[in-house]
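One chain, chain A, appears in both complexes that follow, with chain B as partner in the first and chain C in the second.
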Partner chain A sequence: MLGLGNFLPLSGAEGEGGFHAPSTEEFFPGGLLFIGTPYEMSRINLIMVLMTFVIVFFFISAFARTRFVPAKLQNMGEIALDFVRINIAEEVMGHEGRKYAPYLATLFFMLLGFNITGVIPGLQISGTSVIAVPLILAFTSWVIFNVQGIRHHGVVQYFKMNLFPPGVPAPIYLLVTPIEAVSTFILRPMTLTIRLLANMMAGHLLLVLFFSATSALLFDGQGFLKIFGLAAYAMGFAFTLFEVLVAFLQAYIFTLLTAVYISGATADEH
Partner chain B sequence: MGINALLASAEGSNSILIPAIPDLLWGTVSFLILAVLFSKYVLPRFNKVLEERADKIEGGLAKAQAAQEKAQETLSQYTNQLSQARTEASGIRAAADEEKRVIVEGARKEAEEKAQATLKRMAEQIDAEKAQAVVTLQKDVGSLALELASKVVGESLKDDSRARAVIDQYITDLERQAKEAGR
Partner chain C sequence: MSNIALIAATEAVSGNLNAIGYGLAAIGPGIGIGILVGKALEGIARQPEATGVLRTNMFLGIAFTEALALIGLVAGFLFV
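Our next item is the complex of A and B:
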């Protein structure tokens, strides 16, 4: 039921030592709990659930006893929510944005929480570095912007608006319509998914690379090679900080683009 | 790690582009928990807090507005009263001035009348006294002159009527002389 080797954050650290280049096997850590069942839990799944409970705990304690003058935790929660509510939702959609604030907040805080686990010591892998999570969220965003667009304009008008943008000479539609169809209905969710996934995977691989190089050079390297070990460590440290920025930035971009797509689908003028 | 590597690994059991069932399951569970958290708990509570805050601020603003209006009203009331009082005061002053003028005028008239009356009375008294003096003088002067003339002439003027005539003549002359001297 419990594979002890899978607790180790770096699969490259397994075995007899020396340098092992990280591979995509990093993202298939194998089951830890409920092995053999459909709800088998890997290390990454465990991290997802853990982070979910951290977010739930934070927001429930922040808003459990709301006060007129917010206390420390409530204040933090309010600032965090205001970032989504004002800087993303209202910025893109105006007053209409409040309607979508619950979804956008879910999106932003889930992404931020899952991204940031990539640099939390002991966890060290992003919940978003397996395709399932970005895919679920991109699919949800895709469903929401299309459903809201159809609700707002009606089926015919919505597809006409998206596939036959006005102000284009009729023959050009031969070219424009397929491009619009692919870009709006296929590429949007794909780019959302792949942008996030690739960033998180690349970040994780970079960190594994630098830190396994540090380990290999410092402990197995001879003479001056140990100095390169220190350099590799410094790079790993720098990239860890960079990954914090990326975690935030990718959560922001995903949420912002979702807001832009919803706004575009429900806008009265194209 | 090129696209070939991705495809190669896709042929095996693990592909980074094919979602694993447990990942999908736990990802969806996490998403649903968070979606319920934000839509049913966090944002409703946050909106309530914001509304309460807005209400309180608006209430405070309304209260301040009311206080200001009341102050304005009181001020205009006071200003009104003040200008009313000023008008009243100037009215009273004008009335007093008028009254004073009337009183002074009346007093002056009365004094003038009194003075006039006094003058008249005095003139009358003087006239009467003068007349009396003239009468007295006429009588005394007559007898004195007669006596004097008797003594001078040395004879008694028996004839009274003649004597009277002489005296009258004399007095008339005296009077005329006095008149001429007076002029």
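Our next item is the complex of A and C:
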């Protein structure tokens, strides 16, 4: 098939000009700080640290001096926290959701902060587009819903509830139990991880592809190819806006699923 | 097909099989999300007061359906 590389000179060894196809190398940038030590930090690590400070600073300055009639920043903080508490925790778990609102809020704002860096000019890569972050968060959620389930039902009852769903004829358990075991205890954290990682990875690759094509077509393309460069730029712009939506949506879905898993683990049978 | 034609055919087709694999993986979830969102919108149109519950469940459904397409994408990178 004809690719962009067929029309344009591929980038030379100098790495200047030409078309650079994005690859997964994008997500393994070289170290910038503490090089040579086990604490070597790459651009992505520094972005994570920066966003952590931004989030902490936002909430501290919003709630440091709380007033009965909230001022601007406190209003924003309250709306943000209420969104998680009302639209995620209480929507899924009812009144019980208040108990888990702190964890869910932490999860949501950490994910939102780390996701949104994918489209912030100058940062341009999400903290969640390396597997470590989604994996650790999914593992934390996995531990929390299992521990809460066990604390609520007791070990035997919890596993019985999950592995032997009631109302199934006995021989079918041969089929149902392995499926339930894999889907509850292995696939849940795995899909949480992969959903977030793949979304942020694909989003970043997409943006790199469009803007790389823009640069290549505008500066190295001949004649009518320059028009395609403008089209690629327009698409890149549109997808940047789309990525803002994706960053929010993925943080929402990750938090929502965590809430659903916790609610499922601690629910009483009817 | 003669051997020469076969060799010519294989040389004419270039590129990565992973792309085709991902394309196949995207068909099912694409149809699935279409049906899912369509039905959710239908429900919202019929019963606007149930919007909150429907929207939450719609996103849940999307998350589960979309997982398949995303695993397809990751598999494309993993099994090179």
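Things to note:
The rule is short, and it goes like this: the second predicted complex is superposed on the first by the 255 of 270 C-alpha atoms of A that agree within 3 Å, B and C clash if a C-alpha of one lies under 4 Å from a C-alpha of the other, contacts with A are read in each partner's own complex, and residues count from 1 in each chain.
As a convention for this text, a residue touches a chain if its C-beta (ideal position, glycine included) is under 8 Å from a C-beta of that chain, and two chains touch if they have at least 3 such contacts.
Here the structure is a predicted model, which means the values were calculated and not measured.
Once the two complexes are overlaid on the shared chain, A:N199 sits against chain C while remaining clear of chain B.
Applying the stated contact rule after C-alpha superposition, one finds that A:T191 touches chain C and leaves chain B untouched. Contacts of A:D220 after superposition on the shared chain: neither chain B nor chain C is touched.
When the shared chain is aligned, chain B and chain C each come close enough to touch A:T24.
In the overlay built on the shared chain, the residue A:V92 is in contact with chain C alone; chain B does not reach it.
If you count the residues of chain A touched by chain B and by chain C, you find the higher number for B. In the three-chain superposition model, chain A touches both chain B and chain C at residues 24, 197, 201.
Chain A makes touch with chain B in their complex at residues 23-25, 27-28, 31, 38-42, 44-45, 48-49, 51-52, 55-56, 59-60, 63, 66, 68, 70, 74, 77-78, 81, 101-103, 105-106, 109-110, 114, 127, 130-133, 135-137, 140, 197, 201.
Those residues of chain C whose C-beta lies close enough to touch chain A in the complex are 14-15, 52-53, 56, 59-60, 62-64, 66-67, 70-71, 73-74, 77. Interface residues of chain B, counted against chain A in their complex, comprise 1, 5-6, 9, 14, 16-31, 33-35, 37-39, 41-43, 45-46, 48-49, 52-53, 56.
Within the complex, the chain A residues that touch chain C are 1, 3, 24, 87, 91-92, 191, 194-195, 197-199, 201-202, 249, 252-253, 256-257, 260.
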